[in-house]
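Next, two complexes with chain A in common: one pairs it with chain B, the other with chain C.
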Partner chain A sequence: MLPTAETLPLSALPEARVGPACGKTGESSHVHQYRINVFRSMYRYKHAYLFLLPLLALLGIFSYYPIVMALKMSFYQWKGGNEAIFIGLDNFVALFKDQTFYASLKNASWFILFDCTVGVLMPLFIAELLFHLKSARAQYVFRTLFVATITVPTVIVILVWVFLYNPVVGGMNSLVSLFGISPQLWLGGTNTALFSIIFSGFPFINPIYLLIVFAALQAIPKSLIEASVMEGCGTWRRIRSIDIPMIAGQLKLIFILGILHGMQSFYKQLIMTNGGPGEETLVPGLYMYQSGFTYNDFGYASTIGFVMLILMLALTFVSNKLIKSGNE
Partner chain B sequence: MASRASKKVSFVLIALLSLFVLFSFFPLLIMVLTSFKSKMDVSLGVFHLPKAIQWDNYSRAFETVVPFAWNSILIAVCAVAGVLVASSLAAYAFARYKFPGREILYYLVIALMMVPTVLVLIPMFKLVAALGMLNSYAVVILPQIAGGCIIAVFLLRSFFAGLPEDLFESFRIDGAKELRILRSLVLPLSKPILGTIAVLNFHSSWNDYIWPLVTINDKALKPIVTGIMSFSNDYATDYGPMMAAYVLASVPLILVISFAMKYFVDGLTSGAVKA
Partner chain C sequence: MKASAKSILAPLVILGLTTSLMSGCGGNGNSSSNASPSNGSGTNGDPQVSFKIASWAGPGKKEGLDLAIAEYKKIKPNVTIAFEEVAQSNADFDVWMAAQLAGNQEPEVVMDFSYDNPYIKYNDKGYKVLEMDPYLDKISPYTNQKWGDSFRDVDLNLMRSTQNGKLNNIATSMITLKIAYNKDIYDQLGLQVPKTFSEMIANFDKIREAKIGTEPFSGFLKVTSAWDWFARFAAQQTQEQYVPLIDTLFKNNKYQQNEYVRAVDQGIIDLSKPEVRGVYELFKQFTSYWAPGAISMTMTEARDMWLQGKAVHTFTINNDAKPFASDMKPSFNWDTFEFPVITKDIAPTSNENPAEFGDLADAFVVMPSAIKKNVQDEVMDFIMFYTSPDIAKQLAELNWITPTITGVEMNANLERYQAKYRPQNQIDLNSQAILGSNARQYVLQQIQRYVLNDIDTDQLIDLLSKNMKEEAQKTMNEKGWTKDNDYGNK
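Right, the complex of A and B next:
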């Protein structure tokens, strides 16, 4: 086998003789050697650093820098233009007093609640249905059908729902008249707007969540299931005692994803109602977007973002702890 | 008797599942149905079948949609290419080389998965404005690559790390350089997972709505999901052609994903996602 950089002892490498000149006196030779070794390592692995360059450059510019700036800008008053005045915690104080912000939080909690309950239960329900199918072919067909729903761009689906919610030509009013409900304004109605947006997620079967849960169900050892059948365990009992505990990890994952999604997403709110009517459907993400791009108050918008980040981290942390203890 | 009971169960299951599939596709069916209607048909009600198919809707929509569609395709292809290149190189480095700072850098990259998009929206806007990148394709493509790489590196690294060492040895004996190894050995083996990553990124690039909305004002450059909003306003209440435009806007994405559906589903169900 040809000697390569990996197989030769360190001292045999040419770099050892042309090492960096460490002119610092008073340094113990131990530290001196360590420093040479690190530089030598880095030189030896120059390929690695080169390979990493595109990724790190991109992330540095478009991820790390904006994050730092986001946190920094929340301490400034910056209303467009190029002048940013440092105002310390003033933005935060204003935010704590801001009734609109609290209204948006209240609205967001409805979305979060829905996303992490119905949004978790429906994929679980469908996954169980799929799981009980005897024919593998039927499983494949239905699974593919459910996943196919992601092929249509999200915005398009939202726009179609806007059409459906149109009080005049949309289908919703004709549909609910079948149940004896009078025509509503839906997205324009103060009492119906929030619910309308939530309902546009019908039937709440996120294809990716579905795939995750279904894969988890398939990973349950067959022996467990057979044993339960032999002991005369009913289906419902089995689901409760075997399935759910075995897939608890994935369920928790989806639960947390649901919370994160409910907390920060504002596509639907932006496109369907732009927060209206009034503040009925305003959510923090949208409030931040409007502060920045409609009202040009970038400093305040960053403050909202900062606080949202903290809230999200807190929510995630808490739900992580809660669910874990439920499983012990 | 057991088989009769299980047949009944199967029937109920299939009926239920079909119902839910119908529910899932319901908005899309309405969309396609409405796209064939004339103005009068639309006013009759959503569930009415059109008297005659209005192909005219599609020809009107076609002209408006096509330029936007080309923008989306260009952006998506560039974004996918960028993600594949940058993440393969980086994941390879993370997986096969033990260089100083490897762990720290890797966790720094992965930690970005935690960051919500909302937070960086505004500073990123200010940044690209200062760089003079507004109203260009690059302003949309580059951030998409950055975002897509995070998950891609995560997936690829574990895959690369799992490749057996012997394969690499035989290549090294022949004196192959590192890039060559990557190109001729690793990439062909990684086709399935690269396919999954390509599909995921094409999908998220196509769906990217808010960022192009705030960074591109020039109508000629807008990707389709953003352009279609201004387009909706042009058509006001003309729902037939509007729906036709929506259908056309969905077609490329449907094609791409159907093509690669196998990769996508296999990737997610192989148990790669664990607790």
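Right, the complex of A and C next:
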């Protein structure tokens, strides 16, 4: 029988060589012992690590390497095909003086605000309604109906909204006229374009967020809910005191996802208005895309991307600190 | 035993997985030969000639070339021509061509963009392209007249390089832009086809007053096209006097980016001048008759609105000829007219000599470095054949293109898109397109705000002037152009 990590004497493992410095103080030997345990554990599960290696390699190549390259290219003037010229911090200086970038950040803040408020509250509201359905069958049916919307390609939905918003042939002006509102330019108007894009998310129920919250509600121990009912707790009190604290971790998750989505996504703006009229619906993601693929300034686009990454990390960090989940 | 088998098997599985994952990466499934078939002698003693034409994929391009090659084979059986679409887009084609040129494996002929493109892509990089000027005076065996007489002089002039004035390509089709109108509504309201800008606006007013539930015009401002077209058509009439002021380096009746940058740097181009400012004001007047929501509409949406009868006019390009005759046939009678004349009463500097969009396409460019001695004349013979009226007509019917060749009889739909005026010479001081896409997009954004009355004309001029100078300075810095080196000309 071949020796395993458990049966090998300590001295046989290369990492177990005890040097003269080790063992002199108690602290060093603990750290050293810890290191040995870690290596021993890794050796014990070496097959698992080996299986993970290809995936880690691909992750490194296709996810982390582009981030590093983006940081690198942000120090270059690179127009795509031709040679990249090192220009130091010029791109960053130009970006921090760029009024268009600040305008795009201002627009993005509206999307983030909406995604983090209505985008969190609506799935919570619907999840609570589903959770309170007495019939499991009804729960299943309604849950399926809400989640089935995920099968419709997003672009199709956006194009339908573009058609609805057409002031002449779309239905939106006919609809609002029922409420006494005069015909609007919607996507074509300076004052209406941004909120038209935001409103195109109606009813703002992201199926994935809904499932996350619903699953979290289902994980609440039934004994807690029964106890609250026996104590005479009303529904609203129970939601406030039990449900929300118990699912705070999941709410924090979709809050952070809302920040990331609001900051990064630009497909709606690209399809519906291309950032116009003027810069009214331009967001950083779209500006980055335009810088790279319309203006061919990939160095500047990389700079925008990198600054966006820093901003998102900062917002995520702050959110993590401010919002306590149930476990914290 | 079990443990040892596991420890051998696991790494093998991992190796296998990794190999199969990585095998999906890289590799080129396409292994099309780039070398033309070699020449030899034919079976009947006629020398066998063969050459290759390469291009990127385009609608109907392959079908058109295949048709022309098949017809040519009937009269010249000893000539073998291979046509290959080597890329899906122009950008990919450029990459492919660069590799071929670097490896001395370029095809004898390519189909590329016209204007200055062959010079910029090839001559500027040290590669030679065939200058076709000597062939213009040769008698084409397919028309029995000089080959140059198959084209309008104004179109040939546009095909010439601005750098050396040589004809280094021959464009075989053009993009023409017209204004399509609903003839039924014209008849209903007793309107006449407008020849001038004022007449067109008067028609728009009558349509509005009639309150028949249609908009006068369906335009689009989500992308630069409609604004660019208007700016160029108007500028061709009102700003042509600027050409000699800007064209100071090459003196070829056109101007390039460095000449334009020089003019901006030296204050020759001033957006507040009436002939430049006036174009913005005319555009605003024009867009006031557009269907609401044009800012967020694309050309397709604007065209669909017209097809639904919700607007009386819209922009149309010759690519619409085929769908308008088939699956997108309007349910009403329709026709087209050219961009109207801007008369002196509304623009005192107007030359009242209108132009229309003459963007040239499908240009043959011949690479002499790839041609063996006896093949050049055969290559040009094929091009003369391709540009003969008979073949041009067949190609027009097949692909619904507007040929550059004169004297071609076309069907009724295509006839509506025939170029009647001279092609616009790309003079344009308003859109700033020559300074790059950044400048162009900025102008569009401000035009959108201007059209929506968020800013007035003075504010627009201020913003655009500032941006124009910044972009010109940026270009000078990037390209190392200064007054001392004559903006790159020294």
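As a working rule, the second predicted complex is superposed on the first by the 259 of 328 C-alpha atoms of A that agree within 3 Å, B and C clash if a C-alpha of one lies under 4 Å from a C-alpha of the other, contacts with A are read in each partner's own complex, and residues count from 1 in each chain.
Convention: a residue touches a chain if its C-beta (ideal position, glycine included) is under 8 Å from a C-beta of that chain, and two chains touch if they have at least 3 such contacts.
Since the structure is predicted, the reported quantities are computational estimates derived from the model, not experimental observations.
Once the two complexes are laid over each other on the shared chain, residue contacts for A:205 go to chain B alone; chain C is not touched.
Touch criterion met: A:264 reaches chain B, while chain C stays clear of it.
In the superposition on chain A, the chain among chain B and chain C reaching more residues of chain A is B. Of the two partner chains placed around the shared chain by superposition, chain B and chain C are both touched by A:51.
Applying the stated contact rule after C-alpha superposition, one finds that A:217 touches neither chain B nor chain C. In the superposed model, A:256 lies in contact with neither chain B nor chain C.
In the superposition on chain A, A:296 makes contact with chain C only, not with chain B. In the superposed model, A:95 lies in contact with neither chain B nor chain C.
Look at A:274: by the touch rule set out above, it reaches chain C but stays clear of chain B. By the touch criterion defined above, A:248 reaches chain B but does not reach chain C.
Comparing the two interfaces of chain A, the one with chain B and the one with chain C have residues 1-2, 47, 51, 54, 58, 168-169 in common. Of all the residues in chain B, the ones that touch chain A in their complex are 6, 9-10, 13-14, 16-17, 20-21, 23-28, 30-31, 34, 42-43, 45-47, 85-87, 89-90, 92-94, 97-100, 102, 105, 109, 112, 114-127, 142-143, 145-147, 149-150, 153, 169, 172-173, 175, 178, 203, 206-207, 209-210, 214, 224-225, 228-229, 232, 237, 239, 242-243, 246, 249-250, 253-254, 257-258, 261, 264-265, 268-271, 273-275.
Touching chain B in their complex are the following residues of chain A: 1-2, 4, 38, 41-42, 45, 47-49, 51-52, 54-56, 58-59, 61-67, 69-70, 73, 126, 129-130, 132-135, 138, 142-157, 159-161, 163-164, 168-171, 174, 202-203, 205, 208, 211-212, 214-215, 218-219, 248-250, 252-253, 260, 263-264, 266-267, 270-271, 284-285, 288-289, 292-293, 298, 301-302, 305-306, 308-309, 312-313. Across the interface of their complex, chain C is touched by residues 1-2, 47, 50-51, 53-54, 57-58, 77, 81, 162, 165-169, 183, 185-190, 193, 272-279, 290, 294-297 of chain A. In the complex of the two chains, the chain C residues touching chain A come out as 3-4, 6, 10-11, 14, 17-18, 21, 95, 215, 221-223, 291-297, 301, 305, 308, 310-311, 436-438, 441, 444-446, 448-449, 452, 454, 478.
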